[in-house]
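Same chain, two partners: chain A is paired with chain B first, then with chain C.
What follows is the complex of A and B.
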């Protein structure tokens, strides 16, 4: 019986590696990807970057423009995330098994959340572009829907995990639904809930850059513009500023997390 | 005078075997009743049917002159306000302070808005302070509950129940997570509450010797049926093994060392 399990494990492992090898070599052959050339070109890319991809004095004159776009992107990300968080909170309350209205509302909200969450951001942006063309609104809504799905799911799990015991206790004292939510669910879940919110702001600032490339707005658009007009020095300034922003935001959210624990 | 009366109460969860199969008994005012029985016998289910945290499938429960299963939402809140509940895992909001957790016991008496905002009257706060002091937590009033020991947390749980001015308190394994020392302190407080304050106590226990030492009456249940209902003095070793199913009786109760009180 036991030996059986071991041979099954080994056969499973063997099968997995065979499949992996076949897939890898298969796709290399089909796409005619030259592995050696792929690796060597990485070094050439670095060499080119060192020679061209750094901000010079000319790039610095673009700094105010870039900063303006950067601010736009950051604010849009924060706005879409916080608004999504408010909606997600209502959905999560309805969808959680501790605070939900009935089992049907749980199934529906979980379903909607996982559909929203599993549509990639880029797909949201493309679909929304059909409706709103290239505009701020498209980017905003794409981030909003993506965040809504993710946060609803995260909030449901947080609520279920941290608050089912105190919720039971408060219901047993005769507290009403909203009293339970405000006196037990929110205080008990506050650190995790805000942690998810900060994480989402963080991710959205990164993603907003990519979405901006598509929708032609914000910092992503700046990069696109400079890059396509071969102003690599300005483009490199954009990249550096994005990296700095992401690091700063991360530091802020880590600090806030520590304080609210 | 009978405070609580159960008539032929049954409860089916999903599946054909009942968790409660025709449970009937009455409880007098100020009585300390212990409910004992093996794991899965239906003790927690029984307790939660009384304050309708779980809906019964059949039978009737009378609390005073109220038919519990017929109450509308508002009246159900009122019923629960008069019944305290104490849990094995304390069910406190760990991130809130002792006083905040104790005041949760007042929520059932308040308007939704006042409860949501946590606005408690002077008298309510004074009462909460007094009860906290009586339970020996005077120095921890403003401490967060995650900094307390298990025994202290359970005393906060008791205080939260007492601040409701309840006629009855339901305890679901109040000492199952505590060491013998803390257990004795908690049981002594519960005894005082029943005999000194005239509050009816129904207490699920899994230590038979504790039940024997503290209660006025013992109800033994097995597979959802009442198999013993009488004073501790008449509970023989034979009857105990009948409650717990054959043989396991001796394992659970050590007849040589009855709890010293």
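What follows is the complex of A and C.
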């Protein structure tokens, strides 16, 4: 019996590693990934970075421009997240099993959320670019649609988790639907909902860089501009400022989370 | 989540507008005090609303005719979702491109997982000294702060645009995410197990391989798959923004260069199908993990 367990464990391990090897080899072949080049490029990239990728005096003259774009990007991320959160809240109330209207609305909302979540940000950016061209609104709307699906799903889960007992108690006292929502669901779920909101602001600031690259807005555009014109000193300044922004936002959201949770 | 007992020292701070009164034999009971948590909550909501209003007011609306652009976008979306079609890319090619994207995501997850495994061991509080876990956490936080696309583009300078830069660049974020997830999975192991093993003379590696890994295996595999789902989405984005191969590049070409909305529609549908299948598996796996690192 003892031996059996060990044999089974060994066979399981063997199967797992064989599968892993096959998948890895397949992926390397199909993506034409050059393993040697991949690993050596890490060291070359660091060597190159140490030699070229730091801000110099010339880059510092670009600082006001970059800061302006950075402010624009942060504001864009916050605004798109908040507006998406408001819409997501309504969707989540309709989709949650405790506050939803019927089981059908739950299924529909979850489906819509899943579709919005899984349409790649790139697709939103491309589509919005066609009509809104290179304006701030393009980036703003792309982030909005991207956040909407994620926040709806997160909010549904939070409401389901948090509100069973208070909702039942209020319903037993004869409270109306809106009383239940405003007196039980929202107060009980608010810390967790805000935590998701903060998480999304964080994510959106980083995603705004990607959207900016694709649509020519915000800080992503600044990076793209300096990167493509080989002004790596200025590009490195952009990276450093993004890192500082993200870390500061993360620290603020960690602090807020600690206090409100 | 709801606090039933308030700490006594804040009873004095009574806020009339948010309080309530209950009439009983003893007259009015004290108001419900506005505690630190509720106050912070209100300040947070106020600040974020003000920031949003300010941002919405300062957007430059003049450069674009919003109503017309919105109508155009709706029209475009209608074409994308109702009339997907192929022109340059055959259905078979499109599927092959998705497989390439999945391959990129797989390599990224694998490399990220292997590196994160060791960093996770060093980042787990029950396995490594406090100074080491702090260093690992700081390192991971820094990696996370640089957006994935910037990592990829920085590596593209040394390796050239393509799959090598994309995989290495994306690996960075996977390492930071998985290190945190793995470390938390390792920390779930009861301290007494480690103490029992080290008391019986087991060395560090024996503890890791005989106790830590077997007990954390399920959540490690689940986290790794969850990351794979994220990496798939990332690989699509990197294909578009950093010229890595795969379906993302086709999406970028169709949308940004050929303005072929029908093909954008087809590609979007294919990506959606794969992403939703991955999501379904991931949702099933989530039940097997207790905590949710961000």
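For the reader, a short list of remarks on this structure follows.
Throughout what follows, the second predicted complex is superposed on the first by the 236 of 261 C-alpha atoms of A that agree within 3 Å, B and C clash if a C-alpha of one lies under 4 Å from a C-alpha of the other, contacts with A are read in each partner's own complex, and residues count from 1 in each chain.
In the analysis below, a contact is a pair of C-beta atoms (placed from the backbone, for glycine too) under 8 Å apart; a residue touches a chain by one contact, two chains touch by 3 or more.
Being a predicted model, the structure only gives us computed values, none of them experimental.
Shared-chain residue A:53: touches chain C; no touch with chain B. In the superposition on chain A, A:166 makes contact with both chain B and chain C.
Once chain A of one complex is fitted onto chain A of the other, the partner contacts of A:91 are absent, as it touches neither chain B nor chain C. When the two complexes are overlaid on their common chain A, residue A:41 makes contact with chain C while staying clear of chain B. After overlaying the two complexes on the shared chain, residue contacts for A:136 are found with chain C alone; chain B is out of touch. In the superposed pair of complexes, A:188 makes contact with chain B and with chain C alike. Taking chain A as the reference chain, the count of touched residues is higher for C when chain B and chain C are set side by side.
When the two complexes are overlaid on their common chain A, residue A:237 makes contact with neither chain B nor chain C.
Of the two partner chains placed around the shared chain by superposition, chain B is the only one that A:176 touches, whereas chain C remains out of contact. Residues common to the contacts of chain A with chain B and with chain C across the two structures: 166, 187-188, 190-191.
Within the complex, the chain C residues that touch chain A are 1-2, 36-37, 40-41, 44-45, 48-49, 51-52, 54-56, 58-61, 63-64, 66, 68-70, 72-73, 76-77, 80, 99-100, 102-104, 106-107, 110, 141-142, 144-150, 153-155, 157-159, 162-165, 167-168, 233, 236-237, 240-241, 245-246, 248, 251-252, 254-256, 259, 261, 264, 267-268, 271-272, 275-276, 279, 294.
Of all residues in chain B, only 51, 53, 76-81, 83-85, 87, 89-96, 104-105, 107-110, 112, 115-118, 157, 160, 164, 170 touch chain A in the complex they form. If you check the complex, the residues on chain A that touch chain C are 20, 23-24, 26-28, 30-34, 37-38, 41-42, 44-45, 48-49, 53, 75-76, 78-79, 82-83, 114-115, 117-123, 126-133, 135-137, 140, 162, 166, 187-192, 194, 197, 199, 206-207, 209-210, 213-214, 220, 223, 227, 232, 239, 242-243, 246-247, 250, 256, 259-260.
Chain A meets chain B in the complex at residues 165-166, 168-176, 178-179, 181-184, 187-188, 190-191.
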